[in-house]
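Each chain gets a letter, A, B, C, D, E and F, in the order it is written, and its residues are counted from 1.
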Amino acid sequence: MKTAAIVIGAAAFAATMIAALLDLPPSAIHLPRLVDANLPVSGVTHPVTAVLLNFRGYDTMLEIGVLLLALLIVLAVGTHDGADAAPTADPMLQTFARLAASLMALVAVYLLWAGARQPGGAFQAGAVLAAAAVLLHLAGVLPAWREPGALLRSGLAAGFLVFLFVAMALLSQGTLLQYPHAAAGSLILLIEFALTISLGLILAGLFLFLSGGQGSDS
Amino acid sequence: MDALIIVALVLPLLLALLVLWPPSRPLAEGLAPLAPLPALLLALAAKNGLALDLPWLLLGSRFMLDETGRLFLGFTAMVWLFSGWYARGYLADDPRRHVFWSFYLATAAGNLGLCLAGDAASFYLLFALMTFAAYGLVIHSGSAEACRAGRVYLVMAVLGESALMVGMLLVVHAASSHYLSDFAAVTPSAAAITLLLLGFGIKVGIPLLHMWLPLAHPVAPVPASAVLSGVMLKAGLLGWLRFLPLGGAALPEAGTLLLSAGLLAIFLGVAAGLCQREPKVLLAYSSISQMGFMTLGVGAGLQEPQLWPVLLPAVGLYALHHALAKSALFLGVGVIQASQARRLVLAGMALPAMALSGAPLTSGLSAKIALKNGLAGLPAPWAGLLPALLPLAALGTALLMARLLFLLARLPPHGGSGLVAPWWMLVALGVLLPWMQPSAAAGIAVWANAGWPILLAAVITALVAHRGMAAPALPPGDILLGLERGLQYLHRLMQR
Amino acid sequence: MTISLAFDLLLAAALLWSAWRALVNQDTFRSVILFIVFGLLLTLAWARLAAPDIALAEAAIGAGLTGALLLDAIGALRGKDRQP
Amino acid sequence: MTLNEFLPLAVLASSLLPGLIIFALPENRVGVRTTLNLLAALAKLALVGILLFGVQAGEEFGFAYAVLPGLDLTFKADALGLLFITLSAVLWLFTTFYAIGYLEKAPHRSRFFGFFSLCVTATMGIAMAGNMFTFFVFYELLTLVTFPLVVHRGTAQAMRGGMIYLAYTLVGGALLLGGIVWLHSLLGHTGFTHGGVLATLDSSTHWQLQAIFLLLISGVGVKAALVPLHGWLPQAMVAPAPVSALLHAVAVVKAGAFGIVRIVYGIYGIEFAQSLDLLTPLAVAAAITIVWGSFRALFQDDLKKRLAYSTISQVSYITLGISLFGPIGTIGGLVHLVHQGVMKITLFFCAGNYAETLGMHKVSEMAGVGKRMPWTTVAFSLAAFGMIGIPPLAGFISKWYLGLGALEARMPWVLAVLAASSLLNAAYFLPILYRAWFMPQAAAWPEEHILMQGNRETARLLLWPPLATAALTLALGLFAASSLSPLEWVKLIADREYLTWTP
Amino acid sequence: MSSGLIFAITGVVLFAMGSAGMLLVAHLLRRILAFNLMGSGAFLILVGLAQRGGTPDPVPQAMVLTGIVVAVAATALALALLRKLHTLNGRTELPRVEDD
Amino acid sequence: MIDPLIWLILLPLAWATLAFLLGPGRGARTAIAGLSLQLWLAFDLAMKIGAGGPALHAVGGWGAPLGIDLAADGLSAVMLLLAQSVALPLALYARAYFAPDKTETRYFWPLIGFLLAGLNALFLSADLFNLYVTLELVGLAAVGLVAAGGGAAQVAAALRYLFAALLGSSMYLLGVALIYGAYGTVSLVTLEPLLTADAPRIVWMAGGLMLAGLLLKTALFPFHYWLPPAHASAPAPVSALLSALVVKASFYLILRLWLGPFAPLVGALAWLPMLLGAGAIFWGSWQAIRTPHLKMLVAWSTVAQLGYLFLIFPLLATTGALQAGVMQAVAHGLAKAAMFMAAGVLIKATGQDMVAGLAGVAQRLPLTLFSFGLAGVTLMGLPPSAGFLAKWLLIEAALAQGYWFIALVALAGGLLAAGYVFRVLRQAFLLAPVAYAIAAVPRTLEWTAFALATASVLLGLRGVELMALLAAGSAP
């Protein structure tokens, strides 16, 4: 009964919305033009990065906060399940993993550096770094993480802190996250760099803290 | 004189309180009989038209002394004085006498005060004070009988007070004033008249409202019975005189009602009284009967206002006469029980008894004649009825008195120490005082006319005594018994 | 009908199919595998939408990391499943 | 802030602040608490005295204070308010003494006296309220602060009584609130004025005004214990005696009755209310309550319950007087506000004395108590006679004016109600007096807590307050016509409420 | 019909599927999948609809990037809670709500 | 120059991160210092807005529609004030409440920081997508706080809460996507003139989706199913925060959208939230009256009290209705926080959670019970409390427009509230022997609860400034 109602409801919802989508007039405001117009003063040349770190940088800052927050909660909850014992240590696999991880780190650096001009950037770079860490863990090279020490904590929070610090520092000019013209590019790069590290650590942490759990003795 | 009014009002109350306080008790008990003295002094010495306004008191009180008030105050104070004097001896051995004194004095305060009251609220206050304080006198003995009598008394009193309250409010509203002097000019509504007739009628003991009286008067200690029967009934009468528009508008319905009630009371009182074994009960019924005469006077006044100037002195005289005689008789019951010289006392008792019967040369006769003169102006059917019935009433009274003397003679001695002197003085006063009234003297000429009922009564009594015939017994309270049974039934119904 | 449109439609259908299968499959492991497939298909879709940034992120995060997390979780849930 | 603005505030503060301090006092600081209580009560009395003289001299006291834009808490010490204030202040003093004696060894005295003071504060607020909004604020506050007092004993029975009390008063409060807000939305304000504020409204709103009247009266009628809204009152008598005394004489039921006064005089205006045909139904309701309350009292064996039913009946005298159109009825109703308070507080003090001294709670246990506790019984008797309406006690004065007022208003049937009520009053009070005074003691006292000490029948602090209020009962009646009496004050008020009326 | 519109419509269906799944699926792991489907659907609509004219729009793209990160955060959090719940009482479904 | 508007967002983020860096269980002092500063900032902002009208801040200097705007008007200022004034006492309370080494507190302070930052950012944001991010920030932090309890009940409740929050925010996100599709912007300011009554159908659907999602997050009946377990099973300070502030955030957003860009669309729709609100009042109160558990009772009371917030929607034509809603939000925020804090004390002291187990605690914990009672007064809407003013305004607005039905619901709701409040007080006042050993409770717990409860009552004596602030800010 309930199932049928929900399924029918969802179908009706989809049908109505598709019908509504099909006769939607063009929108009144065309932001891409505005983005293009302001791209030169944004400090980067890739529009997505410009939006992400300059035009709507505030969103991104809060979003990093969300990510850090998620990690915090994972830490706060703890898992205690200690599900998997350390994976079998196959030397071949480990060697391969190490090699792959190094390559991935290189890719990450590239992605970060390229982000200013073309697709790529901190998010992707951080994700690749995290993937490398996961790979190392699965290969048995990197043990699961437990309660983070001060250093790891600093690493996790670094991206957010740098972002926040830049925001605060720029406030002396009166406006939140308004980069000075000349320094915009380098500031964005600085933030992106810190973000990459932190994103990598956090995303890896989401896996590694969960996978290990601070209660397990593995 | 203003001060004397205040003293007359306050002294009894003050003593009533002092008597309760152990340290002052001996002194207060000693002074208690003298409490009515200022009132008496006032009645004797003050000028008519004396008025004292106390605007801060109650609803703005006024105390005054007019002709009627002076008369009532006079005999009231006298009876209270002698009863009090008598009570000193009567209660000498009673351990709870301070309680008695307290109620006695409070009752006196009310009774004396209401004679002086000049406004409705004060009158009501003092009337209520008298009524409720007298409850203490009724139940003083604490016997089951007394308690029952007390209960009945209280129920009737409360009913009476309520009726009076509403009646007075109606009168006051009609007069837009609460001064008694303003009431004569207005004609209150029928409801007001009815309520006043009933409210005061309870005190007066008009038929159907009389049932408390034969219960309450006899159970009280003798001095209390004397004041209850002697003067407190007259307070109801005074209420009528004060609140009804007597001499104003004619109220034929009310007049007829009251005249009938009076007649009924006269005969019923006699009839029921004759059936009694107990002298004090008999005397109580006699009071009902005698109050009937005064009721007749008031009724006539309501019906024929132009007669009122004649009737008022007559009713006053009758009240005076009855007060003195009846209190003497009640005291006598106590005296005779305590006395060694029974015959002498019996002889003394015969005097007020004769007076009540209207024997020649007594106050009774002059009172009756005065009343008869007043009633003479009534239209038919009363004009024909009353001359025929009144002698019959006199005969009844005489019979009743004869029976009283008969019962008294057979009364077992009771011991105790009744003071004889106050009784004697009351008897003497009863004989003498009415003669001092100028209006009374005029009636002496016809005294011979009045002799026959007494003689007839004497003959009948002798016959009955000779044959040893017993009167049928009737429990005191007569119709009350039926009423009580009805109420009990109702009560049981409600509890179901 | 151009080729690109056909490809788009095919891709959309594949997306929906994999999503549907992932949702209704009773075997959680298969669901997760299907979900990873879905993620990869989605990467293609982002590419078709001229959003290479998203495509990259989707591949690394949506399909990769989420997939790894889910698989790890399945392992954990299976490993100590007290109610098979 | 001028002195005239400050004084009403000071009257409130004189019980509010001590109350708050008392809450904070540890249980064992008896001396400090007692001193504070008494000082506060005396200070309030002094302040009230100043107000009385001021108002007599024509001064205006009051201040307004905005709570929301367009919504003011307004305080105004006018003649009518002062009547209630004076009553409360005087009786509070007595009750404080009494409560100190009554609770000598009881637990939670800080809590008790704290709420006690708040209760008086709320009453003062009600009395000084300058508009319905302010009235409602304190009216509900009163409900809240009396609840802990009612359930003070903490027994299951007390809780039951307390919950019933709450259920009734909160529902009443909701009705009242509905009425007040409705009024506010029609009028834009809810201020009290002599002669009322509604007469100027368009006649198309009249049906609304009648509905509002029904809401308002039902709201305050709960506290005024109008039948059939009276059910809480006999239950609330589970409270300790000083609380019952305060509840029945000063605070709660009086707040209800006073509310009716304010609604009829301050909001509708007596003449406008008459023209809307609102007064006669009110009078009928009051009459029914008077008779029903007295009738139910007849069958109560529990002394305090009998007194509670008696309160139901007696408080409606006030309502009755108010609903009699004409100054004399007004006088009767308002003066009974004071008189009933003084008499009823005496009765509850005495009932408390019997319970506290001898453990006596039932009428049937009272035989012979007059001998054991003569002074208490004297006080009780005086108050009971007063209730019956026997002169020269306070109750007589009220009934006198009520009766005359009824005639003036051409409602003679009210006299029958008054007479019936007097008879019923006598029927339930006189048997008590008879037992107490004239019947011999039948059995040992249920539980003798306080032994006879020499001539002293009970603790001093328990004895003096009822004697004082009993004396007041006598004085209020005996000296009713004197210029210092409440009666004269009430005449002053009645004069102002009638604008165009001529008899 | 542009790619944008096609994928927007796909997104609508995905969203509907995902939301129905969130309401109907009892197993929490698959409920997490359903949430991800919902999110992906919403992202597709956001970008697809904005680009229905055919020109790429960096603004919604940036928003989706943000959204993906938020979604993975939420997913990780949900998984952590699920694993914790499983550790504590061995369940992978929520208890029925007892109060309504 | 310090712009309070921005610092209200940055400051909690900063101290939250700092607390995280300091390590598990640390950071209480930092948090309290930060919160004190925030309270001052909120006051400062309120003063500025009261004096100078609404404030707008274009982040990055771009301005809408390219950039993101932060906007503060009277409504936001009131909500910000509420959030900071509830949070500071709660922080003091929490510091005393948690034993320092308990697992549930290890990341409490950073979580609180993120929650507060999210709330403040939400109240200040004027951008639909940015609002989505803040909603997620608030939602995840709240879930985390519930889950941090660590027990099975808490985790299950947190999961239920999480799914509800995610479902709600996904719906909101879809709405945002559709709006962007239709208008090409997500800025509230830019949208307002564009969105008219003849908007395309997709905009209506967007509005509906956003409303539904937010209603779910506000836990309006019948979307309330997740709230009672979550609020009842969390530790007391967390429950307080959730009930007092978190649900208000989505309510605020509904109000913001309803009165802002969506105003042309909502006319006929207004009865829906009102009817649901009425349902919430009755159902929530009834459940609160029935439940045997103390905290569950308080949580159900939240369901009921949230209902009042939605009664205003058909009445928004008069200013009184908005005032009523805001006053109710503030009153409930203060009072419910106090009530949860008091409940926490009672539970800590008696070691159990049943209403029936409270017999006799009035003697042992008078202050706490007093606080509970004062908070109850506000919830019942009795004078002199802020809840009363809210009720007054609501009923007056209802009667002024002839909707007596709404007035009736409000009055009945107050009575029902009395039903559950006095259920607790009655039990506590019983003079029964206390069935449990009463543990010693830190005084801070009692006094902070008392402070908030008192504030909720005292606000009822002075609502002028608050209402002036609300009015000053909403002027154009």
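Keep in mind that, in the parts below, a residue touches a chain if its C-beta (ideal position, glycine included) is under 8 Å from a C-beta of that chain, and two chains touch if they have at least 3 such contacts.
Note that this is a predicted model, so its numbers are computed, not measured.
Colleague: Along the graph of touching chains, what's the shortest path length in steps from chain A to chain F?
Modeller: Minimum step count, chain A to chain F: 1.
Colleague: Within the chain touch network, how many edges lie on the shortest path between chain A and chain E?
Modeller: 1
Colleague: Taking every chain's C-alpha mean, which one sits closest to the mean of all protein C-alpha atoms?
Modeller: Going by the distance between chain centres and the overall C-alpha centre, it is D.
Colleague: Between B-D and C-E, name the chain pair that shares the greater number of C-beta pairs in contact.
Modeller: Looking at contacts between chains, C-E has the larger number.
Colleague: Cα centroid separation between chain A and chain C, in whole Å?
Modeller: Distance between chain centres: 19 Å.
Colleague: How many angstrom between the C-alpha centroids of chain C and chain B?
Modeller: So the centre of chain B lies 118 Å away from the centre of chain C.
Colleague: Could you tell me the distance, in whole angstrom, between the mean C-alpha positions of chain B and chain F?
Modeller: Result: the chain centres lie 85 Å from each other.
Colleague: State, to the nearest whole Å, the distance from the C-alpha centre of chain D to the C-alpha centre of chain F.
Modeller: Spacing between the chain centres: roughly 42 Å.
Colleague: Where in chain C do residues touch two or more of the other chains?
Modeller: 53, 57, 61, 65, 69, 73, 76, 80
Colleague: Residues of chain D touching 2+ other chains?
Modeller: none
Colleague: Touching two or more other chains, which residues of chain E qualify?
Modeller: 8-9, 13, 15, 17-19, 23, 43, 49-50, 52, 56, 59, 61-63, 65-66, 68-70, 72-74, 76-77, 79, 81-84, 86-87
Colleague: Once the touch criterion is applied, which pairs of chains come out as touching?
Modeller: Inter-chain contacts occur between A-C, A-E, A-F, B-D, C-E, D-F, E-F.
Colleague: Enumerate the contact residues on chain E facing chain C in the complex.
Modeller: Residue positions touching the partner: 1, 3-4, 6-7, 9-10, 13-14, 17-18, 21, 25, 27, 29-30, 32-34, 36-37, 40, 43-44, 47-48, 51, 56, 61-62, 64-65, 68-69, 71-72, 75-76, 79, 82-83, 86-87, 90-92.
Colleague: Inside the complex, what are the residues of chain E that reach chain F?
Modeller: It is residues 8, 15, 18-19, 22-23, 28, 31, 35, 38-39, 41-43, 45-46, 49-50, 52, 59-60, 63, 66-67, 70, 73-74, 77-78, 81-82, 84-85, 88-89, 94-95, 97, 99-100 of chain E that touch chain F.
Colleague: Using the touch rule from the top, collect the residues of chain C that touch chain E in their complex.
Modeller: Its residues touching chain E are 4-5, 8-9, 12, 15-16, 19-20, 22-23, 25, 28, 31-32, 35, 38, 42, 45-46, 48-51, 53-54, 57-58, 61-62, 65-66, 69-70, 73-74, 76-77, 80-83.
Colleague: Any idea which chain D residues touch chain F in the complex?
Modeller: Result: residues 23, 66-69, 71, 73, 107-108, 111, 133, 136-138, 140-141, 143-144, 147-148, 151, 153-156, 159, 162-163, 166, 170-171, 173-175, 177-178, 181-182, 184-185 of chain D touch chain F.
Colleague: Provide the residue numbers of chain A that touch chain F in the complex, in ascending order.
Modeller: Contacts found on chain A: 16-17, 19-21, 23-25, 27-31, 34-35, 38, 54-59, 62-63, 65-66, 68-70, 72-73, 75-78, 147, 150, 153-154, 156-157, 160-161, 164, 167-168, 171, 174-179.
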